[in-house]
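A single structure is presented below for examination.
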Amino acid sequence: MSWLRRREVCIALYVIPVLIILINHFTGQLAAAQSEVILWASTLATFAILLGVINLSQHHITIIARKSKRWPYSIILLAAFLSTFIFNYAYKPGYDFVITRLLSSLQMALLAYVGFYSYTVFFRASGTKNPHVIVLLISMLLGLFYNLPMRDMIWTGWGPLGVWVKDVPNTGGMNALLIGVALGTLTLFLRTILGYEESYLGG
Amino acid sequence: MILVGKKFELILFLIILGLIYYMIDRARRGIKTPKVRKLAALQALREVVGQAAEQHKPIHISTGIGGLHDEWAPMTIAAMAIFRKVAEYAGEFGVPLKYYCIRAHMIPAMEDLIQAGYTKGGRPEMYNSDMVEFVGDGQQRAYMAAVMGYISREKPAANIMLGAGFYETYIVLGSGAVAGCLQVAGTPRLYYQGTVVALSDYPVIGQELYAAAAAITENPPDLGSLAGQDYGIVICSILMIVTALLATVGATLWSQLLAW
Amino acid sequence: MSVKEWFARRENQDRTIFVLYFILIAYPMLSPMGLPIPIGEPTIESYELLENVPEGGVIVIVSDEGFPSWAELGPGEIAVYRHAFKKVREDDCKIVLLTSYVVDGQILTERCLSNVDLTGLEYGKHWVQLGYIPGYEAVLSAMMDDLKGIAPIDQFGTPTKDIPMLEDINSIDDYDYLYACTFTAMDVYIRQWGEKALARGVPIIINMLSGTVPLAMPYYRAGTMTSYLNSVTAGSGYEKLIGRPGMGAALMDAQSTAHLLGIAVILFAQGAFMIKLLSKPKEVAA
Amino acid sequence: MALDWGIVAEMALVLMAWSLLYRENFFFKIAEALVIGWFMSMSLVVGLDILKGRVYVPLVVEGKWLSPTLIVTILGLFYLARLHKDTRWLARWPISLMAGVASAVAVKGVVYAQIIRLVTMKSWAAGGMTAFNNIVILVFTVTGLSYFIFTREHKGALGAVSSFGLYALMITFGWVAGTYLMSLISMSVGHMRTLMQVPGIYVSAVGVIVLVIGIIYDQKKAKTIV
């Protein structure tokens, strides 16, 4: 059975769905097979969660057993995980309370960090003499002024100028980036099919 | 047989893939291996890992929220190809890596990848399973909390983020910038290009991620694929000029082709 | 230690920015400054299109927003709900509510409805909630041909064939206004609805995050997307149009100050660097 | 008025999560552990629900043993084969299949949406500003693309074109970053609304005060060291 270990088997498993989906895309003949394999992929991704739970539990149980750094937090983590999981089946309002009240406020607090770090982006980008980054900054400033709700109180030209930058230079650069990425995707795809790229198999 | 309106798309698809295949094949048979322009980020990777070794600090790596099960898979695969090399350097210099796993199916892939890298770098004993830690499947906020905590706690020497990033890009790169990490970052996703350029010391812009994934192997066929990709750029440029001219003279050839 | 030395430390710079951010956001929210609210062309267009739905017309509202995006999309969503139910009251229109992307939308639909005056209206006669129908693109595509086919029961478990209002509502031929609120890709809606809606002249209005507006522009210009609402900016404008200022207006002031802080941060950091560069050219060059 | 302990707990959690702005501390570590634990249980609950609907019901309840679902189930269980040393490699199979589906889905959309639609340029015949704009778009696109040529040295004519192209790309990046970052900030402002109204504002005030005290305290400490 050692042939089963060969990477060719994995590449074949990669190529079969590719063929189904691409043939359906161009001919429309394999619609049922396509929706089946797409569903498979999402089911397989879900199966992996079981492995994930085992990985996480193993990791934290080892930390607690070894009493390594920060082990009390591992206990909190596992307790939070298990109690909420049991709540879902034993006491549904408890689960709902944790998820819709406590967790959602924590989510809100964490999302606020996106706002905080956006300023870090502005701050760290500035203070440079690299001409490319200066162009980036000017364009960024234009974008900020364009989106400023009270922009017309400062200068009425922000609107038209912003629209022009958005529609013309921005479209040009965006096209270039997207076409480039499309070609890159195709290249990587072909390399994967031919078996030159196998990083997804883990080295 | 072929759907209406898809014939030209199919032809273009086959032409581009054919060209790339032709160049791969030429390089494989040793006819011509193209020289690839130096990419600053690739050149810097070894140095970045070396610096981490000098400071005796770990390196944080991230592939963002994209996984292998959605349309961001190509970006993730490209990122993994580069991380394979990073793990190899890490093995060479004896630097620990840390990867927070946001997609459960990435656990086996990344574990194997990092382990293989350390083995190849000459320090297989350094690898341990704590390097890949799972934080909830697709749970971006949990990932954000874990990464913020890790970076501000351990202050890793370097912070490498490649792949398909979403909101967490700000968190990973932002907290890296605040902690003063050396940052290498890149994503082909449009929205985050500005952030990547602004916050990283060695940005990888758009398609460069795919190119870097191919160039890092230094395999002739991989380098050949890049030459094929360059011809793709030439074809696209020619098509653009042709469509502009056709539209200017009022010909409907292009729209007919698209409707074919 | 002077202020300059103190500020030279990395963590202090970020802390300063964070504190400023807090204060600048909190101030306008606690005492609104009443800065002018611009109403964009697309917002007015969306408003008028809904206003022009004929008597007895059918308004389809697809709520695909999620909790994380509620803050941005919510004001516009509530305003549209209010406006749509006003049409029900005044012009005897009918409303179909459904969610196709994530289950969040169903819960947020309830939240919107709690903000709308429903007295005198009857469920099943004036409006119907189909709830969350999993399938996203497949649902959006199928609802163009056979609504009752993909939604055999409504959110509360009643078979849709027994709901009086849905008797003559089943496909694009019966709809008069398609509205979707999304926090992901907007092109999905255009892809599934565009062609058929365009053929019948049914407007498609999409309420989206401002980040995705650039991507939507090609569709807007080509006319496949009739109009759009640009998140909270449009939301506050819409509130003004229906004459019910709400949470959008307070948010707009905070947004103004947040934008100004962003501009100030860039100008300050770059300006300080330039001054240093000009005053000590040798040191920096070395 | 009875105090709603739910709100107190919510606000306390928010403060704990924000305490990182001051520095890494005990409270943030608790918040981090809670977030990961809760999200983990949410993942598992949602995942089990999906598996119940897609696997358990058709296979066990409806008894359709001989169906494609069986293949997926076996492939899915291969992930768990990793737990044993000898069968570790089996986990690569589901990953390959998944990556294949995902790559194909990505690739099939690429040619039309990202190549054909984008290379379709507009007419110059109208003259005036429209023609100028259309030419600018063409020039920016071609030069921007030329930056992504990898197998030729960027010297001479290509060097000039590609360095202009990099500026074109930077304009786009800056614009997108400026508008997109702001949309993120509006999002975060919107979320902070509850924290800016009573009773949330008390929590925020405490947060800001703690942050300011922390900064001053740090400065004092730094002084004594200096």
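Things to note:
A, B, C and D label the chains in the order they appear, each numbered from 1.
Rule of thumb we're sticking to: a contact is a pair of C-beta atoms (placed from the backbone, for glycine too) under 8 Å apart; a residue touches a chain by one contact, two chains touch by 3 or more.
All of these numbers come straight from a predicted model, not from anything done at the bench.
Each chain's centre was taken as the mean of its CA atoms, and the one lying most distant from subunit D is C. Ranked by number of C-beta pairs in contact, the top chain pair is A-D.
With centres taken as mean Cα positions, subunit C sits 33 Å from subunit B. The geometric centre of subunit C is 20 Å away from that of subunit D, both derived from CA atoms.
The distance from the centre of subunit A to the centre of subunit B, with each centre set as the mean of the Cα atoms, comes to 13 Å. The distance from the centre of subunit A to the centre of subunit C, with each centre set as the mean of the Cα atoms, comes to 22 Å.
Of all residues in subunit C, those touching 2 or more other chains are 11, 14, 18, 68, 210-211, 214, 255, 258-259, 262, listed in ascending order. Within subunit A, residues 25, 41-42, 44-45, 48-52, 56, 106-107, 110-111, 113-116, 118, 120-122, 125, 132-133, 136-137, 140-141, 144, 147, 166-167, 170, 174, 177-181, 183-186, 189, 192, 200-202 each touch two or more of the remaining chains. For subunit D, residues touching at least two other chains, in rising order: 17, 21, 23, 29, 31-32, 35-36, 39-40, 42-43, 47, 79, 82, 91-92, 94-95, 98-99, 101-103, 105-107, 111, 115, 119, 138, 141-142, 145, 147-148, 169-170, 172-174, 176-185, 187, 189, 191-192. Viewed as a network of touching protein chains, the structure reduces to a complete graph with every chain in contact with every other. Residues of subunit B that touch subunit A in their complex: 1-3, 6, 9-10, 13, 16-17, 20-21, 24, 67-69, 73-74, 76-78, 80-81, 83-84, 87, 101, 103-105, 107-113, 115-117, 120, 129-130, 132-137, 141, 144-145, 148, 167, 170-171, 173-175, 177-178, 188, 190, 193-195, 197-199, 205-207, 209-211, 213-214, 217, 219, 221-222, 225-226, 228-229, 232-233, 236. Subunit C makes touch with subunit B in their complex at residues 10-11, 14, 211. Contact residues of subunit D toward subunit B in the complex are 17, 20, 23-24, 28-29, 31-32, 35-36, 39-40, 42-43, 47, 79, 82, 88, 91-92, 94-95, 98-99, 101-103, 105-107, 109, 111-112, 115-116, 119-125, 134, 138, 141-142, 145-154, 169-170, 172-174, 176-178, 180-181, 184. The residues of subunit B lying in touch with subunit C in their complex are 178, 180, 191.
Taken in their complex, subunit A has these residues touching subunit D: 5, 9-11, 13-18, 20-22, 25, 36-54, 56, 70, 73-74, 76-82, 84-85, 88, 95, 97-99, 101-103, 105-106, 108-116, 118, 121-122, 131-133, 135-144, 146-147, 164-186, 189, 192, 200-202.
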